[in-house]
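Shared between the two complexes below is chain A, which pairs with chain B and chain C, respectively.
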Partner chain A sequence: MGLDMLYPRIVQNRFVLACLFLILLYILISLGGSFLLPHHPNAQSLAEANRGPSFANWLGTDYLGRDLLARILAGVRVSLIIAFFATLINITVGFLVGSAAGLIGGVVDRFLTGLIDIFWCIPPFLVVVMLTVVLEPGIKNIFIALGAVFWVPTARIIRGEAYQLRNAPFIRLARLQGAGYSRIILLHILPCCFPVLLTTAIFSIPDAILAEAFLSIVGLGVTAPQASLGVLISDGLQSFRVYPWQWFFPVLTLIVLVLCFNLLGDMLHRSFRDRSKGILEYD
Partner chain B sequence: MLVYILKRAGFNLGVMLVVVTLTFFLMHLLPGDPFMSQRLNPEIKANLYAKHGLDQPVARQYLDYLSALARFDLGESLKYPGRTVNEIIAESFPVSAAVGILALVLALVLGVTLGVLAGVWQSRWPDRLILAFSTLGLSIPNFALGAGLVYLFALKLKIFPVAMLEKPIDLVLPVLTLAAWPAAVITRLIRTEMIEVLKRDYIIAAMVRGLDPARVILRHALPNALPAVIHYSGPLAATLLTGSFIVEKIFALPGLGQYYITSIGNRDYNLVAGITIFYTFVLLVATFLTDLLAFSMNPQLRYRNGS
Partner chain C sequence: MTKVDGLSISIKNKKGTWSLVRDVSFSLERGRTLAIVGESGSGKSLITSAILGMLNHLEGLEGSVEVCGRDVLKASSRELRTLRRNLIGYIPQNPRESLTPTLKVGSQLVEVIAAKTDRKGRECRLVAESLLSSLGFSGPERILSMYPHQLSGGMCQRVAIAMAVVSRPALVVADEPTSSLDPLTKHKIMEVIKGIQAEQGFGLILVTHDLDLAFSSSDQVAVVYGGRLVETGAAEELLLRPGHPYTSDLVRCFTRSGAEKGGSYYIPGEPLSIYTSFPGCRYFNRCRQRLEICETKEPACVRRDRGRVACWLY
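Our next item is the complex of A and B:
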């Protein structure tokens, strides 16, 4: 199914359309929202620490008197940046490894498949934690660490796809005409794998957002004055018994964001392959 | 069967070796050293280095570590002098394991029951209700659910303690938090499988002959839906472990996850490496056992891989 077939499906499904709009809204607000607010996300004023939601601070303030709304907007931006680059690494590495293994076959395939199999068995969060510790936490290192484990399932799926395509007439023809592996991978396999890659990418974004939150709670979040959704939630977990809003608003922001991506991904998944085994399916 | 077991065991051993090597060298790449914060004079520091073998060449340290590991000795903690990593694991893992196993059992019981109910009443109101609940369970991350449960049941309703571990009832909230996501996933897996199985000819034949519907569902249909869950148990175990960090943090349980997190901050090489290796070992064994279970439950697999 091509992209042109996707358009009516999205428009017809109000639910998914709403998700798409919400995601766009998140992106727009996180990019431009902090300019509209009078508060700087890192500006402290200890006199106003731990205030509840009010007219001046719509979502209240945190333990250093920083405006929670401004922090959430900045946090959404950081979380989305981490998720975007983790996903980019995921699909780039996953696609290249998978398609090389499936297309070239032979020793290369056996080596890469072995690599994938071994990585498959290593619990991903242990690798992420170790890598973040070694690289030192920070936006760049968090998405590198996430990308370093996310590519494994992607490579496995793409290898299967490339393996099936390997002897397709148009690929054999391209090879007869002297096309190299890199040309075949980029011009012939990539377009065929596009639906799978798109679905994987959409599902990888909420995974990365959640993984970032996990890292922050474990104590490996982005460095101090910066906010990410994970850092906000982790701070909120320290104080939710007394100041529940400091925990509630970041969590709500995160859940809505993750849910939107999951629903969108589920729609893509079901429209690309006509099976009803999505993660969040309704009949 | 034996060939299959040996093959899998060999592969798992290989994975363990990779993990050990990776952890060892990553830990030695770490910036800073474990005794940095204590401001020791150089002689004491040199003595400490010598005691833990840190003055040896890295290759030598690696070999020493491997040979100790072969004797199941994970070394001594660098931050808690005199305590071995084995002791720390032996002391704190039971807490993590108790929560994890209870959560797993709860998730299985809830998931299979709800999944069967939803599958049998497909598209009617029980199904819709269960689906709505499982969507909720999938979408709410455990750090949100855990804190939410504490706020509601411990602070507002005062049914359970906030963070304490004295009586078994104190485990209710942590176990619930940990079990929600797996239960939702299992519900969906079982539901999808049940819907497919219930359409098969042999089920219709059994129904037509007038067998008790409950018996047909439980004895004829359910066994064919279960392997999906068993195959999913690997990622499930990993999820439970990841979840246990968060749950132990929120509910202040003295489990292994807490030690893992502190040891990372302390740059306690031996403890981090030891716990990582231990976790990998536990997960590999769990996956291995469930694979064997799947293997013995499903005759098709037995013939395909047959020796």
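Our next item is the complex of A and C:
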């Protein structure tokens, strides 16, 4: 089970291959691209403010004369870092809470399910906004805030999976061999939940990117000189009528990035679903 | 030495109390085999679950199950884990579903060996290989690198047997170990189990509804009906001179004596539902030798030859 079985599907589907390639390109460029460009993302030069796209500044400059391309690359990096850690928190907490609830059952299940239900009732963005206000703004606190709300649906899905598995013969055998809950969760339930977790993770990344953009637009995102896609979009929005490219290029970057992750997630979801049908029952 | 004494299981809820298993007692020496036979719903599986300590949370659990002097029914969950790692082995009913489908056989087996014997990585692998080859696998390394779905039912069962016996337990409970296997594999698996039993000398509890298997591969047989041990005794004795009418009906089904040529013999009627409370012997409605007292009072367990029987005829 795992990536080796997905490999042929990815290669067969050109469209998905393109998505994967674009995502890798995003990651590579955002990590290394800033070093190749002559412009520092935070270097201001007021004399060159609000220039349109040119040979010197491929995507133009912003209202402080900072190179837009350099800022977009830096912004993608920040957005991806936030999305990665928010997803990591989401998956880890969601899996541990969900599998503990589903496997142990009884009082533990009732308590954790109650907790999930309570979190479910609170609008997630309310929690995120409150947390970012209470904690100091910054990359770290944004992904903590996002992780703190994203784990709830994941925990619910994983609880369902674990609940189905708890009476499976192989869990019974593991118990009768003297395995404790932690061993069963990590060794026997985790690999069975791998498809669900991977799909959830891939779908959670674009969610986090969009959430971060939203936070930056309302002014709760990363702090001033730093760029993120959300900050760039909100800056661009202010001078949208006069200098539309300042808004257009960050938005285009965001759309393509989110679309790639969503398409990839869709493909994963579909291929796991098809495979669970088995070869003989394919329709 | 395994000793089960006065084991009773009942469940209570708002509507009342139902007694599912009553007064089960037997003892089993190391190296010997006890077969528990009975039809579906007779309580075989409940008795096994109780012996394995899986029903410790039930309120209506009485009696004691001692394995090497330790009471399983009073063990905490931590003690149960140690007991299951060191003293009690378990062989499952449906081997193919009992191995985790997403893990290679090797990593599962190595994991169990590491947990049960305090050995480290490479050593576990070697133990796993030697164990598998002693269970009749010709290429253990190849088996270890396969997933459970790539193995046959019999192969999975042998892997499960390896997991059960790796810590040289005092007692192995086999819950219908051959019911999902074909007849040829069935005998092979029983041979494997008996072979490793001869080598390690554990007591074996064989739960089955396969009378052929029960009589051919065990020393003692315990017949369960309606949640009671209606008769226990040496296997060949029960086969030749069954005491309880139910046992003799079972043996007759098995040997087909008394059936018309080519036909088969079966016991008429159906067992009483567990939801009906009945003061007398629960076999009363199907028994061919019933007496008046059978309807009103449940018989006590009395000695007969070298075994015990619960019937008013004795």
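Here are some notes:
Just so we're on the same page, the second predicted complex is superposed on the first by the 270 of 283 C-alpha atoms of A that agree within 3 Å, B and C clash if a C-alpha of one lies under 4 Å from a C-alpha of the other, contacts with A are read in each partner's own complex, and residues count from 1 in each chain.
Everything below uses one rule, namely that a contact is a pair of C-beta atoms (placed from the backbone, for glycine too) under 8 Å apart; a residue touches a chain by one contact, two chains touch by 3 or more.
Every value quoted in this text rests on a predicted model; they were computed, and no experiment measured them.
With the C-alpha superposition on chain A as described, chain C and chain B fit side by side in the combined arrangement. Using the contact criterion defined above for the overlaid structures, shared-chain residue A:Cys121 touches chain B, although it does not reach chain C. Touch criterion not met for A:Gly160: it reaches neither chain B nor chain C.
Counting the residues of chain A touched by each of chain B and chain C gives the higher count for B. In the superposed model, A:Ile255 lies in contact with chain B only, and not with chain C.
By the touch criterion stated above, A:Gly219 is placed in contact with chain B alone, chain C being left untouched.
In the superposed pair of complexes, A:His188 makes contact with chain C only, with no contact to chain B. Applying the stated contact rule after C-alpha superposition, one finds that A:Gly65 touches neither chain B nor chain C. Look at A:Leu173: by the touch rule set out above, it reaches chain C but stays clear of chain B. Panel annotation: after superposition on the shared chain A, the angle at the CA centre of chain A between chain B and chain C (CA centres) reads 100 degrees, nearest 10.
In the overlay built on the shared chain, the residue A:Gly138 is in contact with neither chain B nor chain C. Chain B and chain C never share a C-alpha pair closer than 20 Å once the two structures are laid over each other.
Those residues of chain A that touch chain B in the shared complex are 117-118, 121-127, 129-131, 133-134, 136, 210, 213-214, 217-220, 233, 236-237, 240-241, 244, 247, 251, 254-255, 258-259, 262, 276-277, 279-283.
Residues of chain B touching chain A in their complex: 11-12, 14-15, 18-19, 22-23, 26-27, 29-31, 122-123, 131, 135, 138-141, 143-144, 147, 150-151, 155, 162, 188, 192, 238, 241-242, 245-246, 249-250, 261, 264-265, 272, 276, 279-280, 283-284, 287. The touching residues of chain C, counted against chain A in their complex, run 52, 54, 80-86, 88, 90, 92-94, 97-103, 111-112, 115-116, 160, 163-164.
Taken together, the chain A residues at the contact with chain C in this complex read 1, 168-170, 172-180, 183, 187-188, 191-192, 194.
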